[in-house]
Every structure is written in structure tokens, then in C-alpha cells.
Amino acid sequence: MSTSEVNGLIIVNYIGSVFLIAIGFYTMMAKKNIMKIVIGMGIVDYGINLLIVSVGFNPGGTAPIFTINELDPGTFFVDPVPQALTLTSIVIGACVTALALSLVIKIKQEYGTLDAGQIRRLRG
Amino acid sequence: MILFYVLIFPGFLFCFIAGLLLAGIDRKLVARMQRRIGPPILQPMYDFFKLLGKETIVPRAASRKTFLIASTIGLASLVATALFIPIAGFSAFAGVADIIVILYLLTIPAVSLILGGAASGSPYAGVGISREMVALMSYELPLVIILLSIGKAVGNAMGGGITFSFTEICAYQMSFGPIISKWSMIPAAIAMLFVIPCEIGSRPFDIAEAETEICEGPLVEYSGTPLAVFNLNHAIKMFIMTALFTSLFLGGFSTGIFALDVLIFFVICVAITVISITLLRAVTARLKVEQVFKFYWSVVSGLAVLSLILVWLGL
Amino acid sequence: MIQHFPILAIMVLFLGAFLTVLCGKNKVLRNIVVFAAMLASSVFIAFLIKPIMIDGEVITYWLGNWSPVADYAIGICLVVDQLNLFFAILVSVAVLLAGVFSFKYMSRDDTLEKYFTLFLMLSGGVMGLVLSGDLFNMFIMVEILTFAAVALTAFRNRSEGALEAAFKYLVIGVIGSSCILIGTTILYSQFHTLNLAQLSVLLHNNLQPATILAFTLLLTGFAVKAFVVPFHPVEADANAAAPSSVSVIISCVLTKAGIYGIIRIVYFLFRSMNLAPLQFILVLIGTLSMFIGVTMALAQKDFKRLLAFHSISQVGYVMTAIGLATALGVTGGLYHAINHTLFKGLLFLCAGAVFYATGTTNLDKLGGLAKRMPQTAALFLIGAFSISGLPPFNGFVSKWLIYQATYEKAVEFGNIGYAFVTIIALVVSVMTLASFIKVSQSVFFGQLPDEFKEVRETPVPMRIPMWIMAALCVGAGLLPQYMMRYLINPAVYAVMNVGNYIGSVMGPGYAEKIAGQTVEAYSSEFALAGYWSPISWLALFAIIICAFFIVSLSGGKLSKKIHSDSPSGLDPKYDTFFSGEANEHSQVGGSDLFWGFKHNLRHYFDFMHNAHSGVISDYALWAFCFLSFMIVYLFIIV
Amino acid sequence: MKKNINVRHIIVKDAADIFTPLSLVFGFYIILHGNLSPGGGFQGGVMIAASAVLIYLGYGFKTASSAINMEVIRKGEAIAAICYTCLALLGIFFGLNFCRNVFFNNGAIGDLLSSGTIAFMNYAVGFKVLTGVSFLILLMVSLLAPDSDSEHK
């Protein structure tokens, strides 16, 4: 595949990530089941991760492993920073999901329901 | 010198005499309007000294310290307000006088009354402080708008920006004549005339101290010295509000002799009292709580906003 | 050595958090570790005051010595300029006092090592956020502090609504964090750097669609963290459910972290505060927060929930002032930020003390505690007067500055709309007073219910931080000129002149070299329209002291005439007047106060009550409406 | 799901037996060589934590919780975090900046101790993740465990 073709294909990633983020946000807004809200949070997270990774993609680039002596102006490699960011973001996303799930378990135990419409003791 | 300002003029003693005199005149005039003979003009003073000699009872349910101290805080802040208001062009702390400071200082007597009432632990006082607070919220909105429109009007004339400084307001009135002579400020002046009775708590806006409904509200448990001080606060507030009106809207006159100026100032204060307090008190009955609130936030605020808009239009 | 202090101030907190886990059940050791970590962090911050605030240096600290290569910031850096340090001081004061308070306050709960671990993580997260010079690290720290705050909100998971509040906080927090992360990603994709200073140079006057989108997302993200309207219900829930010492952090510190983020975004990163429509939208958000917060507070029945709504209202003041984009406005905003930390901290600690003593914060159940807890009542009054802005307390000084700033803005723009902002600000101040009158009437004054007859004053370790906060409140009100000179003015200077920051991070002359432009500064000059002099407060204090002196002079005679009965006495002379009604029928409930006010505005209150429905999907919907509105609005104005 | 866990098919059990040591060894390999080859502390740590899940799947919650001491894991996580911080602080003790790579930093490719403190930090991260994630998993499982175990007794 030529560089320009790959370059054109990367748009799929962006569309996909925007699509995922939109679905996630829609889930958080429209669904009343708090389990689904947690799932929505996860989907948003995946969408963002996909977006970050795509940002760092460089068509035809090599893996960013080199010593400082090899670094000359012609070296062509994938941007390593977004990968590090994605890794951090994945970890954070996992933690968010874990925390949210533990809260959901506790809420289910205490309220006996997962319906957000009934989990509203604090209001007004 | 500061001690002189604080204690004698325009501080405690002056306020004491002027306030109680105003209260006496007010009572006498109301009585005459109602075809009664009325008490002597010095009656509030007699009352004050008599109450000082009476026993002070602290109810069992009261928080003793707050109950006793509250009245003094109100008195202190009223005296402080008197220092900041230019009386016949003279203010003790020229340079620190500022209309927003005065706006806030004027709320402290109400707050002290509220705290004293709350500390007495009586349910009547509970209702009373709630009403006092509603009254405070009612008149604060028009008062704020009035003061801001004066600040803009004076600032326009005195070089561009705005001013919150009382000294500049006085200087403006010295050179351009009283503020009330501006067309745009007339609605504000009328609004201010309505603010005065509510601030003081006289009929028809005496919802907080309604004797017939809630037995003097916050003052229900008071006796002896604290009650005397609260009555004094009421009288001094009367003087201070009228003095504020006079220096805001009718200032700027000068005869050259200071004592005469003060006398004229006091006479104007009496006139304002007669217009805004005595007449209103003699001819009206008490309004309901929500009526007071509605009146101030619609009619009086409307007048004040009209004034503000006129000032912005440059009239 | 001094250049290591920023990282040490962050790391000792995290180190303390991990060491706390190792302490296990040993209470004394754990408390020593926690206290040492908080104290060390504060000391490190305090040592930075001299070089930064007074000498005007900016410290840049590259982690691992990865300084910029070929004008490209490849490393992670911490930057401490005056604004960062201002917020760091604020954070460390609040954290230290709340931490000391919680030693005793939390002593009845179990699994305290988890509490202190999370508490220190939270503090470390905020400290990291305000000292970071890097957009992605700001995001990470935001996430850390959101986690810790959510977990701490749910800490007393058996109390009413704690889990629910934590879950809502988490969902709204995730929306904010996601916005920040998407914004960061978009900026990275455009400029391939995450360093704030470098981005600031590259972004200046560079508002293309992508950067506008990033700007909106970042602004929304940090607005979520500052809990302005419409993200506010979550904060109210979280503050009501969390332990008081955590409420202090959420209300005083996390909202300030959000405000810090907003200042960094609008003044520093995009330098776009010269856009009048942007100023307008920030002021509008601030004014709405101010008004909605205070009116909702008037309708509350729970002490802490009421305080939470007040913190929304006070943050609204800060937001309004920041949005004015004048030097005076920023001065007032920052001053109010630090004042809010002091007095709201004090008030939450008072609420905590009441909860510790009585076990409830319901306004309708409490009453008359001033007799049993006189010191707490006095401290509460100091806090209440400060937040209502009565002179001579600190709230007055900053509110005065904000009134003047808004009104001056109105005159300067010839726009009467800003004059109404001043009016609303002043009226909101009175309403604040009203709602604190309500609290004092129904918690500290009024009648003492029988079940609280045996309540005792809180222990000394809880009162010490409260007294310190109260002293700071009075001090910040009485000595504004020192506060201005050593804290506020340098911070305002840093907000208005971003050149120092950029020069320190990327080397002097960087902006000229890369973007071919000089870093312009907003004017940081301002004149006060009235006379703003602490002498007036001192005079007032002198008068009050004089008055007390006179009273006490004649007190020899007077006190003989003051009679009171012992609390258990039966003399009917000392009974309260009930006019025949039995005591229990005549109690005035806290929620029944201000009937006249609420009756007239009943449609508004009904609407607001229904709007705060407590359903998390609704809150998420509000958040997205805000986000979409901001995107549309900003694309239209640019 | 619940049913499978409690019946504990021989297939699940045997698979757990086989894959637990594998995932442990492979995880440790990934952690130790994180500075030389793709992977690193986080990935290896998660892989090791997966073995905790395998034990749970194969033998149920009781065995898993008795095999793995939660308290030790919790403290281990804190120790790992402290180690990481202290390694980072070494930079300051050596008169350089925080997180600076200070010793054994010879840069020989393929040598285990060639990358200075980075390798050790990586091990600390690995230890932290393996303890942290196993703790997290066990904690969440224990929230569900009481009712799932009691159903079949």
C-alpha cells in the first residue's frame, strides 16, 4: 500500500473515534440504567484512546526505538508520545471503570435497583 | 481627636440627641395628626434613661452573651455609619467614606437585631427575625440600585468613570447643586423615600416588630438596658437614614457658619422624617409580609431602575 | 536547592499517602506520618514565597533534566510562577487545616488508613495540578483528584446518599475529564507539544476550527471541575454526603483548581480574553452560578448542602470577576478565591463540629446549640459574616473589589448589562446573609431540643484549625494591603503578563523567535474608584472596642441588674414567652423562615426544585447542552 | 457465568493449572525486560494479575483469597509506590533533577542493567501494577463472592 493510501485510510480511525465518543456520550445522557452509564463512560474512553493513537500515527514510520546518535534529520518514525498518553489514558480508564463498578455494586445493595430515576434521594 | 469624633460629634452624643429628638418629633406629630395630644418631645429620652435603671432579665433559653452584646454591636455600627456620612459637608473620616461601606454598615444594625432576637430563643423572635430578614432583602435591592445610579451620575460629571466616594458626591453637589435637581435622579429620590421607612421599620412596613401579631418580634424577651439600647438604635437609625438622604440628594448648601449648617441640616432631616415616616405612619395600616416584598421588588425597584436607565442615557 | 521544592511539595504528599498504608492499625504513627507529610508540603511551599512572590522569579523544573531541545519542549516540567504559587498556598493552607481537623473528627470511623491515603492523594493531586506546566499532566492530576474525591465522598457509605452522590460526581467528573483529554489531544495533533508555554506561543491569535474546538472542550472540562452552573448539583450532593473535612477540600480546593484551569486556559494558553463575547459568556456563567447557588441555598434543609450551594454562589463571584478581564476584576476574583477558601473552610468545619457533637446536620432538628457550644457558635458567626461580606471581615474587601470591577466594566463598555451584574452581586450578598441568618437561627440559636441537652463543645484538636481559619478571615479583612502586596498583586501580574512564564520555560526570546511576535501584556494597572482603606475597618474596630469599654466601665453597676436563672431552674420569670402555646407547638422550623420571600418567588423555586431532579442522566444532559452551546457560541463569535 | 465458577469444570480447572504458571513466568519476563523490549511494568503486571483471576476461575473465591493474602498485597503496593518515588528522588540526591537517570546508565543495548534507574523504576511499576490490579480484582470478586459461594452449599 502506498503512503497516500494509508494516509487516506487513517480517516477511518478518526471517524471511528468520533463515532465511539458520540455513542458513549449518548449512552450517558439517554440511558437510565446506571450500569449502561458506566458502559457509556467506558466507550467514551475507548473512543478517546483511539483518537490519541491515531494522532500519533505516521504513515510509513518505524518504531521509535533509536539511540541519540542515530537520530538524524532523515529518521522517520511514529510519534511515541501519543502511545505513552494512550497507555496512561487506558490505565485511568480502567481505574474509572473499576471505581464506578464498585459504586454500582454498593448502590445495588443499598437501593435495590439500578434505575437512575429511582436513585435520587439527594435532590432539590 | 478621633475620640472626639467618635464620642461627641458627629459620633455618639450628636446621634443620641438628634436621633431621640427626631423620634420625639415624629411621635408628637403622629399624635397631632390623629387628634391626640401626644407625649412631650423629650419623651424618648425619658424612656431611655428609665429603661437603663430597670432590671435586665435573661431568659433561660437564651444564649447569654449574644443576647446581651447584640444591641451594643448595632449601636457601634450605627455610630460608625454616622462618622462616614457627611453631615452638613463635614465627615469625620473624609477619605474613607464610601457608599458601599455605608450600604454594608447599614445592614449591621438589622443583623444585630436579628442575632439578639435569635439568641433570645423565643418563637416570636424566630418569626420576627425571619420577617426582618425579608424586609432587609426587600429594601436592599432598590437601595443598591439607587446608590449605583448616584455613583454613575456623579462619576459622569466628575470626570469619566464612576465613583463610590462620598467625598466626591459632596464635592459634586457643592459645584453643581443638589443631586435631586437632576431630572434623572428624581425617581431615585422617591424610591429612597420609600426605603427609609422600611429600613427603620415603621408602619406600614413594620412587619418585623408587628406588636399586634408577634409581640415586638425580636425584642419580645428584651428588658432593661439592652432594650434601651435597641430603642436608641431605632432612633439613631431614623436620624442616619434621613441624614443619608439629605447628604445624597439635598447636599451642597453652605452658609459659611458651620453650626448654622448643622442646624439647617437637622431641619431638613426633620422635614424628610415628616414626609417619609410620619405621614406614612399616620395614614396607613401594616402590610403583609409578602406584600412588602412585592412592593419593594416591583414598584420601588422599578423607580430606581428607571433612574439608573435615565442616568445611563446621560440625562 | 530551592528549585527542588515544587516537586518535593507534591511528592511528600504522595509518599505520605503510601506510607500511611504501611502504618496499618498503628494510629499514632499514622497520624504522625500524615501530619508530617502535610506540614512538609506546606513548608516547601512557604519557602517558595520569598523568591517568587517577593523577588518575582519564575521557577521551571524539568523532570529528569529533560530541558527543551531545539526549542522543542520534550520533557515534563513543573513551573511555579506567581499564579501557580498563589493557588499552591491556598491549597496547602486548606489541606493542612482540614487534615488536622480530621484527626479528631474522623476518629469514630474505621478503616482510617484508607481515608488518610485518599486524603493525601487528593491533596497531592491538586498540588500537582496547580504546579504542573504541562497539559497532559494537568489531565492526570485532575483524574487523580477526581478519583480520590469520589472515593472520599463515598467514604461514609452508610450515610444517606453517599454512594449516590459519589456516583453522580464520578459521572460528571468523567465528562469533564474526557473533555479535557479530547481538547489536549486536538492541541497535540495540531502542534505536537503538550507544554503550556510552547502551546501558548503557538496558539496566540491562532484560532482555527480545531483550536476553537479544543478551547471549548478545555474550558468546559475545567468548568466542570469548578462546578459552575450547570454542573453544580453534583457538588451540592457530594458536599452534603462527604465527611466535613473532605467537603472543605471539595468546596474550597477543587473548585479553585477548576478556576485555576480556567484562568490558565483563557488568559494564558489561548490569550483570548480580549474577545468581548468570551468575557460576556464567562460573566454570564458566573452571574448565573451566583444567583442560582444562593437561591437554592435559601431553600435547603441540610446544613452542609446549604453550604455547598453557597460555595457554588461564591465561585460564581470568582468566575464573574475573572471573566471581566480587567486587572481590577482579576484582583477581586483572586482575592475572593482565597477568602472563599478561608471562610467556607471555616463554615464546613463548623458544620463538621455540629455533626460531631449531635450526629445530624438537619436544620429542622437542630437548635439552640450556642448555649452548649459557644465557641463553635462564635466561629460560625465569624464565618457567616465573612461570607456575607460584612465589614470588617475578609469577604467584604473582595466583594467590594468585585462590585467596583463589574460597575467599572459597565461604564467602560457603556453596557448597562454589566451594571445589572453589580446589582445582582450586591443582592446575592444580602441573600447570602439571609441564608446564614437562617442557619444561625435554626442551629445555634432558637430553642434547644431535649435530645441535645447533653451536647458538649467539640474537643480542642478540632477547634484549633477552626480558630486559625477564623483568625485568617479577620486578618485578610483587616490587613488587605499586605494580602495585596504579597499575594494578590504578584498573582494578578502573572495572569496579565504571560511573557515571564514563557521566557522562563522556553528560554528568553522564544516567542519572538518562533512566532515572530512579542508577548503582549494586558494592562495590570487599576485605580480604585472609591476609598478603599483598611483604616476604616480599624476605626470601626476601635469604635466597637470603645463601646464595649464604656459598657464594661458601667458594668459594675449594670451586671448587678442583669439576672438570669440556672439552666435547670424553674422560676417562671425566666421562661420564654409563649402566650400559652406549648413549647413543642411553637418551634419555628428552619425551612419555614423567609416565607414572604419564597412565596413571592414560588414559581422560580418550584422550577429550580424540579430542575435539580437528582437523576444523573439529567445532569449529564445539562452538561452536554452546555458543551454544545459553548461550541456553537464560540464558533459564531470567532 | 456464576454457574460455571461454582461447578468448576475440570476443563476450567486444568486450564487454570496450566496457564497460571505460564502467565506468571511470562509476566515476570515482560517486567524484567521492560527496558529492553516492548512491554514493561504495566503490561507484565497486568499479566501476573491475570493469574489471580485464573486461580479464582479455577478454584473459586475461597481458595483464591486464602492463597493470596490481601493485606500483604495492599502493603506491597504501597511499598512499590514508595520504591518508585525513592528511585525518582535519587536524582535529587545525586545533585540533579527529580526522575533523573543516575547510575548504571551505560546505554549498552541488550544488557539488563544498562538503563540506569529506569529499569528499577520499571520493576517498581511492575510490582505496583501486579499488586494493585490483583488487589482490585480480588476486591471486586469478594463483593460478589458471598452470595455466589453460598448458593451451592
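Here the chain labels run A, B, C and D in written order, and each chain numbers its own residues starting at 1.
One rule holds for everything that comes next: contacts are C-beta pairs under 8 Å (C-beta built on N, C-alpha and C of every residue); 3 or more make two chains touch, one makes a residue touch a chain.
Remember, predicted model here, so these are calculated numbers, not experimental data.
Novice: Identify the chain pair with more contacting C-beta pairs: A-C or C-D.
Specialist: Comparing A-C with C-D, the pair joined by more C-beta contacts is A-C.
Novice: Counting only C-alpha atoms to place each centre, which chain is farthest from subunit D?
Specialist: B
Novice: Measure off the straight-line distance from the CA centroid of subunit B to the CA centroid of subunit D, and report it in whole Å.
Specialist: 73
Novice: Mind checking the centre-to-centre distance between subunit A and subunit C? Centres are C-alpha means, answer in whole Å.
Specialist: The computed centroid separation for subunit A versus subunit C comes out at 31 Å.
Novice: Centroid from C-alpha atoms only, then distance subunit C to subunit D, rounded to Å. What do you get?
Specialist: Measuring from centre to centre gives 39 Å for this pair.
Novice: Centroid from C-alpha atoms only, then distance subunit B to subunit C, rounded to Å. What do you get?
Specialist: It comes to 35 Å between the two C-alpha centres.
Novice: Using the touch rule from the top of the page, what residues of subunit A touch 2 or more other chains?
Specialist: As it turns out, subunit A has residues touching two or more other chains at 106.
Novice: If I apply the definition of touch given earlier, which pairs of chains qualify?
Specialist: Touching chain pairs, listed by label, come out as A-C, A-D, B-C, C-D.
Novice: Note which residues of subunit D are touching subunit A in the complex, please.
Specialist: 42, 107, 109, 136, 139-140, 143-144
Novice: Which residues of subunit C touch subunit A once you look at their complex with the stated criterion?
Specialist: Residues 136, 140, 143, 147, 150-151, 154, 157, 160-161, 163-167, 170-171, 174-175, 177-178, 181-182, 185, 188-189, 192, 194, 236-237, 240-241, 299, 305, 609, 612-617, 620-621, 624.
Novice: Would you mind writing out the residues of subunit C in touch with subunit D in their complex?
Specialist: Subunit C residues touching subunit D: 4, 7-8, 11, 14-15, 18-22, 24, 61-65.
Novice: If we count contacts the way the header does, which residues on subunit B are in touch with subunit C in the complex?
Specialist: So the residues of subunit B touching subunit C come out as 2-3, 6-7, 11, 54-66, 68, 72-73, 75-77, 79-80, 83-84, 93, 95-101, 103-105, 107-108, 111, 114-115, 118-124, 126-127, 129-131, 133-134, 136-137, 140-141, 144-145, 148, 151-152, 155, 160-165, 167, 207, 215, 220-221, 224-225, 288-290, 292-294, 297, 308-309, 312.
Novice: Touching residues of subunit A toward subunit C in the complex: what are they?
Specialist: Result: residues 21, 25, 28-32, 34, 37, 41, 44-45, 48, 51-52, 55, 79, 81-82, 85, 88-89, 92, 95-96, 99-100, 103-104, 106-107, 110-111, 116-117, 119-124 of subunit A touch subunit C.
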